[in-house]
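Take a look at the structures listed below.
Below are two complexes that have chain A in common, paired first with chain B and then with chain C.
The block that comes next holds the complex of A and B.
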């Protein structure tokens, strides 16, 4: 599925296939887009995120059963990030759930819309309405230490300082949009869910106040603050505890799909845990073995070159008692050091919204 | 529609920057602040030492010897109250005691002369008694917004025609525990506070301030000088956080916008804004946003200053202190400065005008005075240069109905369980209400809530669901919430006090944020997403009916179509007892063994009849009338019976014939029951009398709300609790009481009574549709 904004992107845009979506990986260069995101404000084409609307009298009950966090009282001015699990506790997707007046709207992770839709339909015991809205709505993001200033110039200054995960239904150029304070990278972050016919205009006007950044810069900045990227981090058989996504699950909820498996993983202890590392030569491929004192303790999950660190940055999934910061490990024959997150301190943490 | 103009004719103030209005204004305009290191050595344990203290001789020098034995809170209040009455040239005998009210804002539960906590409304009762005021009496406790809120509520009492003069103000002393709490929150500045520039924390202060309000035409008729017109006021709830303000400033902006709308003015009419200006980074940053949101491009041209830079944060008094300053600013055409202002300060919002350091003479015809409080309660007052007398319309009468009930009591949770308990004649006095079996709030919020907030949230959710209200987000922005409580959270107050006793530098800060009486109301707003007008009433057992009055006033003035009233109080006394060991109180019985304290929350939805009809709602009852009568503190049973009789007379309108078929009284199983019963039998002949305390115990404000809820049930569903243990009534025959569960059918009218004995008695008359 191509981005609805493709015609508005510059000619030199480099696209890539992420799951079911063709997304802009970069518009210019990774270094430049990363710097924009970390130092100023970036506009993101999040068209690869599927939008699925759940309505009907049992919409909330259904959502409460399939989502791993408590959404019973998720009002139309709030959103939250959570997981959908299968009965074995395996991650199906990581979504942003938006409370709506008549149900709930789910935003999938990049390229996972079709899988999410299929999962929801397969689990629809309540007979709710499940509608794929990706054909008429798309998502634009703003991210960066001065993204709040862009919001003020583009839409309304009042929205810039919305509390995290607050949602406002508003209008832009006469179009109804859903505006949310979110954030993937530790910087000030916002999302706008807009009708596709207005998306190109909003994209172009955003570019008057900010620069575009592609999926590569976004995912790098996400990794640097340990924001989970399911397409890299969800591996066959890994539990949410091993992935380090426990915070996206609420086991105090009485019931949700996958709860028993999550509880079993909590209770079992042991297994592996995910930890960040930096150093070494080159970027190890996923699956590269991780050693300590000649012992194989796990594998690399995902690694990239971090522009911010000027070094390799990756995640390793290793024996739980070795998933700690400050350890020297061997990855693909070179020495790396484990880290505590965030691996980069976002500039937004020291910049107030005025 | 122009409503009756209400003006200020008297001012009184005592605070760190002056012992009376003249001295206060002289110091404000010459930049002489009053923030000094605390003299009391007990405060030496804290790093931050500055506060706004009132020298003892300023108090003793203005009070007769007969007031010397009173506690400091009462003495501060009396000084300011007497000044205001004197400046206005008014006496209770002149205006008529029954027409002269007092609305007091107070944030803290304050100690009596012996150091023990006294009821929130006690200070108010003392002032009323000494000044001979027997009109409307409301204790409003919206934390740091209370003083401003009181002025607004006082205006309402004049608009409804219940009073011809009202003393409105606020008071709070400097208390060690509160100081420790703010220190624990890292909210205190180590030097004199510097709002809007350094913004490194606040200083606490003490003081009292009163404004005397009366209708313009009455003031002129008696030759008084109107000092300012109370043109409007606005309340709002952030629905965001227990202590931090909504960072967008939308809560504060909404209060200003409502106040301007109430006044029939626009932002373009405002010349000066008296800011809340505590000096904390969160407050000051939020306020700058309020200025920009409300005034847009003109924000920099509207001077705004904080007189907290002179007097510190006087909590419940602050709004009244600043209202006094605002009236003086209007009178003298001068904006008081923000002193200690660092023009190069890092935190300064460079685009705004904070009247730095030097008072500014300027034409001022309209002032907005803002206050923001813990619990996310905001208030704005609009004060204007008094206009000429002009024709006005009475506040319209709009029919209001009760459409949803949410009882959370020892006898049952929800209408169905309560009804079942009533019909089965069960008793639950002293039993802990059950919240098992379902959730009432997002778990992420619920787990941080104290017990009282959980009770209140459950009650509110149940009432909301019972009313069948399904409102879109934008409508919730106008749903009002009135919280009623006698004493707030016993759990948080106790937990906080214990932590201070152990180590004042390690206060239980989470408990501290819940010590303010309005915290629970704020938690309800946050959980249900209600951002309409909100306030908190603390008149003991009479709080719920006074809260209903506030709800009716909001509906009558068109400020809200839907108001949720929730009352909650708790006891920690019976928690440890096995329920089987609890005595069952026997109200009205001459052999009754006394009261049993309980915990409960009871909510009810009040809606304009119009709104209810438009959505095809099914009301329980229409609110026919409410009436309150003030008693005498420490008075005898006869005086109390007299207050009951007067409150009933107010709702019956003196009409002959049966007032109501059923009366749900406030009896609790103590000797005072007889006086109430006698007054009811005389005032509502033919009615059958019952009470709720056998069902749920004495739950203070929640008992009053339960009585109203039971009256509503009797009207619609023909259900009423029985006094099954009643053998020998203290007054009248057994036949005058409901002694068997159930009624013969719905009653046409039911009367609910509420009681803060020795202070206020309330009566609420409900009728069938």
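The block that comes next holds the complex of A and C.
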């Protein structure tokens, strides 16, 4: 699935395949786009996120059963991030769930729309309507310490200071759009769900106030604040607890697909946990072993070069009794130090919206 | 450092984190097992979804439980439980 905004992207855009989506990895350079995201305001083409609408009399009951957080009272002015699990407690996807007047709208993680759709259809015991809206709607994001200013210039300044995870149905240039205060990177973040025929205009107008950033810069900034990136962190057999995505699951909820398996893994204890690390010259590949004095204690899950740290930044899944910050470990043949999250403090935490 | 020394060091941090999690759950009347909170998860906005009123409650609770006043600290100290642990137990930074 190519981006509906491809014709509006600059010629030098570098694309990559992420799951079922072809997404812009970078428009210029990672360093430049990262700095825009962390220091100013970035426009994001989130067209790789699938949009699936669930409607019908039992839409909320269905969503309540398949989503791992409580959406029973998710009104049309709210959204929340949560997981979908299979019966074994394995992560199917991480979604943004938007309350809608006639049901729920789910936004998949990047490149996971088809998998999410198949999972929903396979679990549709309630006989709800499940419609893939990715063909007529797309998602644009604004993210950065001054993204709030772009919202003011682009749509309405009042929307910039909405509480986190608030949603407003509004219009832009005569088009109905869904506007939400969200964010993946710890910076001020907003999303606009827009009809595809208006998307290119909104993209171009956004670029008058901000600069485009691609998937590479976005994922780096997500990693730096320990925002889960499912395509990197959900590995075969890893439980929610091992991934460290507990906060996307509400275990006080009575029932949802995968609940028993998640609780069993939690109560069993032991196993491995995920911890950040930095150090070394190169970027270790996923699966690179992690050692302490010749003893294998785990493996690298995901690693990149962090522009903000000026060093390698990665996640390792290691024995639970060694999953803590401030330890010297060996990754491959290189010494690294485990870190305390967030690995970069977002600038937005010290900048008020004015 | 031997693996046992590393485990001891990790245990010290995990113990401080565990104390903080229990304090958060107790002071804010959360209905979750304190251990369900991870050391690295965000506390405000995303994650535990605490708000500014919760912060005020936590300032008081931290001073009462750990004898550390964080009133003038930047929000970054609440970036995660593990980050907060370094504020209330500076030995963890060594």
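Just so it is clear, the second predicted complex is superposed on the first by the 354 of 354 C-alpha atoms of A that agree within 3 Å, B and C clash if a C-alpha of one lies under 4 Å from a C-alpha of the other, contacts with A are read in each partner's own complex, and residues count from 1 in each chain.
Criterion: contacts are C-beta pairs under 8 Å (C-beta built on N, C-alpha and C of every residue); 3 or more make two chains touch, one makes a residue touch a chain.
These numbers were taken from a predicted model, which means no experiment stands behind them.
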Combined model on chain A where chain B meets chain C, clash or fit: fit
Between chain B and chain C, more extensive residue contact with chain A: C
Touched partner set for A:43, first chain B, second chain C, both or neither: neither
Chain B versus chain C as contact partner of A:252, first or second or both or neither: both
Touching partner for A:324 - first (chain B), second (chain C), both, neither: second
Which superposed partner A:77 touches (first chain B, second chain C, both, neither): first
First (chain B), second (chain C), both or neither touched by A:130: neither
Partner chain(s) touched by A:276 [first = chain B, second = chain C, both, neither]: second
Partner chain in contact with A:158 - chain B first, chain C second, else both or neither: first
Partner chain(s) touched by A:345 [first = chain B, second = chain C, both, neither]: second
Lowest C-alpha to C-alpha distance for chain C against chain B (Å): 5
Where chain A meets both chain C and chain B, residue numbers: 252
Residues of chain A defined as touching chain B within the complex: 70, 72-77, 101, 157-163, 169, 250, 252-253, 352-354
Of all residues in chain A, those that touch chain C in their complex: 81, 164, 183, 186, 225-227, 244, 246-247, 251-252, 266, 273-276, 292-293, 295, 297, 321-329, 340-342, 345, 349-350
Chain A contact footprint on chain B (complex, rising order): 240, 246-250, 253, 285, 288-289, 292-293, 349, 439, 441-444, 447, 472-473, 527, 529
Parts of chain C lying in touch with chain A, wherever the complex brings them together: 1-3, 6-7, 9-11, 13-14, 31-33, 35-42, 45-48, 74-76, 79-80, 82-83, 86, 92-93
